[in-house]
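Provided herewith is a single structure, encoded as structure tokens, for subsequent inquiry.
Chain lettering (A, B, C and D) follows the sequence in which the chains are written, and residue indices restart at 1 in each chain.
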Amino acid sequence: MANLTVTYFSNCLRRNTSFKMFIPNDPRYDWPPIENEYTKRPTKTLFLLHGYTGDGDVWVNPMQCAEYNVAVVAPSGENGFWLDGISTGHQFATMLGVELVDYVRKTFGLAKTPEDTCIMGLSMGGFGALHTALMFPETFGKCAALSSALIHNEVADMKEGSGNEVANYEYYRECFGDPSKLKESVNNPEYLIKQLKEKSAKFPEIFMACGTEDFLIENNRKFHAFLEEEGVKHTYVEGKGIHDMVFWSEYAAKFIPEMFG
Amino acid sequence: MANLTVTYFSNCLRRNTSFKMFIPNDPRYDWPPIENEYTKRPTKTLFLLHGYTGDGDVWVNPMQCAEYNVAVVAPSGENGFWLDGISTGHQFATMLGVELVDYVRKTFGLAKTPEDTCIMGLSMGGFGALHTALMFPETFGKCAALSSALIHNEVADMKEGSGNEVANYEYYRECFGDPSKLKESVNNPEYLIKQLKEKSAKFPEIFMACGTEDFLIENNRKFHAFLEEEGVKHTYVEGKGIHDMVFWSEYAAKFIPEMFG
Amino acid sequence: MANLTVTYFSNCLRRNTSFKMFIPNDPRYDWPPIENEYTKRPTKTLFLLHGYTGDGDVWVNPMQCAEYNVAVVAPSGENGFWLDGISTGHQFATMLGVELVDYVRKTFGLAKTPEDTCIMGLSMGGFGALHTALMFPETFGKCAALSSALIHNEVADMKEGSGNEVANYEYYRECFGDPSKLKESVNNPEYLIKQLKEKSAKFPEIFMACGTEDFLIENNRKFHAFLEEEGVKHTYVEGKGIHDMVFWSEYAAKFIPEMFG
Amino acid sequence: MANLTVTYFSNCLRRNTSFKMFIPNDPRYDWPPIENEYTKRPTKTLFLLHGYTGDGDVWVNPMQCAEYNVAVVAPSGENGFWLDGISTGHQFATMLGVELVDYVRKTFGLAKTPEDTCIMGLSMGGFGALHTALMFPETFGKCAALSSALIHNEVADMKEGSGNEVANYEYYRECFGDPSKLKESVNNPEYLIKQLKEKSAKFPEIFMACGTEDFLIENNRKFHAFLEEEGVKHTYVEGKGIHDMVFWSEYAAKFIPEMFG
């Protein structure tokens, strides 16, 4: 398997940026070589999103991805909540869902269909995985959201001068846009869902997981309830666990076969 | 010489971030080995700032730095103008002038005096080099500013809804803070100079260069004039050239011996 | 924690070479920060050796190393069996045990005592960990050898034109020197042990582990028996497992607290 | 442009190995964007070989390569003279001329014709560029050899126990095979030339340059004379210069347009 660090110029960010990538090689260039029903077909792609405080890193098991012939693309989204913010160059959603998809498909010849293009994230990246797949459902056929920071309703209630223990009001405004307009903004996954329903558009397959001891469990339960109410088909699981890599490794390993098997 | 890519957690940015680094090795671990009057003393440091659209990269000649026993630290400042912005985690000036200096000194045992700690940048990084050295003059003894984007006076005049061909108002507000308050802000190098004079504080040594065909030449001439008016000692040179790496390579090579020789 | 890729000139290899490194940061530069009885003392070092077909990579858990304030240095030894071979530049043992130790201590200010300098490896790297610690017992206080390729007795029996399914005679000659002289060569860990006993020199602490289903189990049992016969104190454990990362992760996690706790 | 570090498993070397790569991006992912007659056609490839003591590094000007839409692949060949040696895994020529070409074409979709696949090297890499192109003339349409270490005739004269100031006999035997058989070995570029003539095979285009003050000038003049004698068409230039990067940068910049223009 090939491990890559790629630096390229992003128009959405208006600057050079780097991402990590893993490509399962042709069995001839791998040790031990993997050859099965999956490795005969074009390589699929998993976009992998980090959380707040993190940066682009391949936190799934490369051997498991190689088994399903899945390339992993792990961009750095800083702490931008994987959204298109209000200032020039602060366009993480479009960078991810349009630019990076196009770039890696062209540069590495990866599969181009939505069913072969999946997105998974943890915490802030779980929010990002849901949001990106709902914003670009013709691109991403499946998304997996682990311990997701589904904080859009809290943010929508923020007033100038407020904020929380994580960050100030300006930070949230920068990422999500004017909080007072978030209810009806494309930065709000609930709004995107309502729009998709209105247009009778195809939804991505949705996989969600959260630990029962995670401080974000209520946010995840609420979003699960919202999906139920809206009649959006999805997989939702809870398991023993907190907001840590132990939980994410376990559920990433469970969702990868469901997405690519 | 050692070429490093270092990833660490930055408190100022509230996330993992990477920088590139070059360390001149002990002559025993270099080929060809360099041994002279400089290599006997503790290794000095040059912080190297990229411009708008760029990212952390060692754009000076490592061989020349090795000759003067100078380590190069090239952080990524995104398009943040190397300033402390208004939102949580948007603190590039403090990240650079406090955190990164402390981090690399501790991790790599570099010289700790201001005369052995210099900063150089190009374009947006030229602005950053001047600003950082003026904000932390007890840390940085010398700064070299090439083709500097000294746009603080334009930014100070911006009104909500405005902006320019490079970026929108929100971007400038995010980097510089409220433009209407920039005249008397620590993000304004002219304000920092007035403050240093008031406190009779020591100034860093200042080296400036700009190409006569550079679109930023007038901004550089104005800042040079401002320094003259204020009686701040500095070196200012103009040379044939535009806003490109040819000019920056030439003047970096000229200023390195002046700063470290 | 800092993840580094370092390129430097090795005199032993006569060329530029790269290694990976992990440094636990000062708690102020880590997220989440770790602070305990270990993080107050100078940072210790674990040299980590890969197996045949591998290259330098941090295959231990960085979080566990950070807890014990241990920096990890993972050099690339190609398929050289971590030995000083017969041709110019083929000096992996001295590169590792003399040059690299000195280089990383000087560059990163790591602890200098043998009890704070340990070495661990898997497969060919398990052989290397034992061999290096026995060759430089004043440098390495402890070694951990996982599923070690203790093939020195097979190699000693090889004749010109022979070899095995892994590699040809020339390969073994290149790594181990003339097989017919291997019985009494510093490339033979058994010979090193006899020499240390003769000189009544201090032995490194030895930790060994091998999976009961590993194809190298008999080689490990024989070396264990040899250590018993020679009266060399050591820890030897067998566990369910084969020659794979599952076994190595489990036993690395067990030996790290024993070496650094 | 994309800068890559790629790690993959090489069957020829029997281990993981890394190479550096530069890919000129689609103009949409570049800043400043380059668009001309070349950027419309499939991306060409330049394999770039380092010298003795070096390792894989992009030592040509990426901007110039981007102009001609040329990807650069810079493998690490250790000090192996880019030849297939005698021991298992010591197969740098086949790694380069068969495996790596196939791997990068497949992974990055590069042009597949010999006229779009060129090879250039300096010193030991100059020898390698000539040798590889002559060994695989159906793959490499053009080669550029700078200050080449054309030492095959010296090596052919070496006896057991001899060697020179650079390395011992064992080293040369490891790289070139039994010196006494080198006259009629595929590791000898003169032998390859005679074979190509015998088979009336197509030759690669050959570009050679050497500095008049280079310690290898006589070796280059002799090989030039040999090519003349054999009636092999080639470009041979001498210029003021020694065995250093100044000369190599100058002549790389001259040969790139001749190879790709």
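By our rule, contacts are C-beta pairs under 8 Å (C-beta built on N, C-alpha and C of every residue); 3 or more make two chains touch, one makes a residue touch a chain.
The shown structure was predicted, so the numbers you read here are calculated from the model rather than taken from an experiment.
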Measuring centre to centre with C-alpha atoms, which chain is farthest from chain C?
-> B
Do chain A and chain B face each other with the same patch, meaning over half of the contact numbers show up on both, or with different patches?
-> same
Quick one: chain A and chain C, Cα centre-to-centre, how many Å?
-> 39
Please report how many Å separate the Cα centroid of chain C from that of chain D, as a whole number.
-> 35
Could you grab the centroid distance between chain A and chain D? Build each centroid from C-alpha atoms only and quote it in angstrom.
-> 42
Can you list the residues of chain B that touch 2 or more other chains?
-> 7, 9, 15-16, 31, 53
Across the complex, what residues on chain A touch chain D?
-> 1-11, 16, 23, 25-26, 28-31, 99, 103, 106-109
In the complex of these two chains, what residues of chain D are touching chain C?
-> 7, 9, 13-18, 52-55, 78-79, 86-90, 163, 166-168, 170-171, 173-174
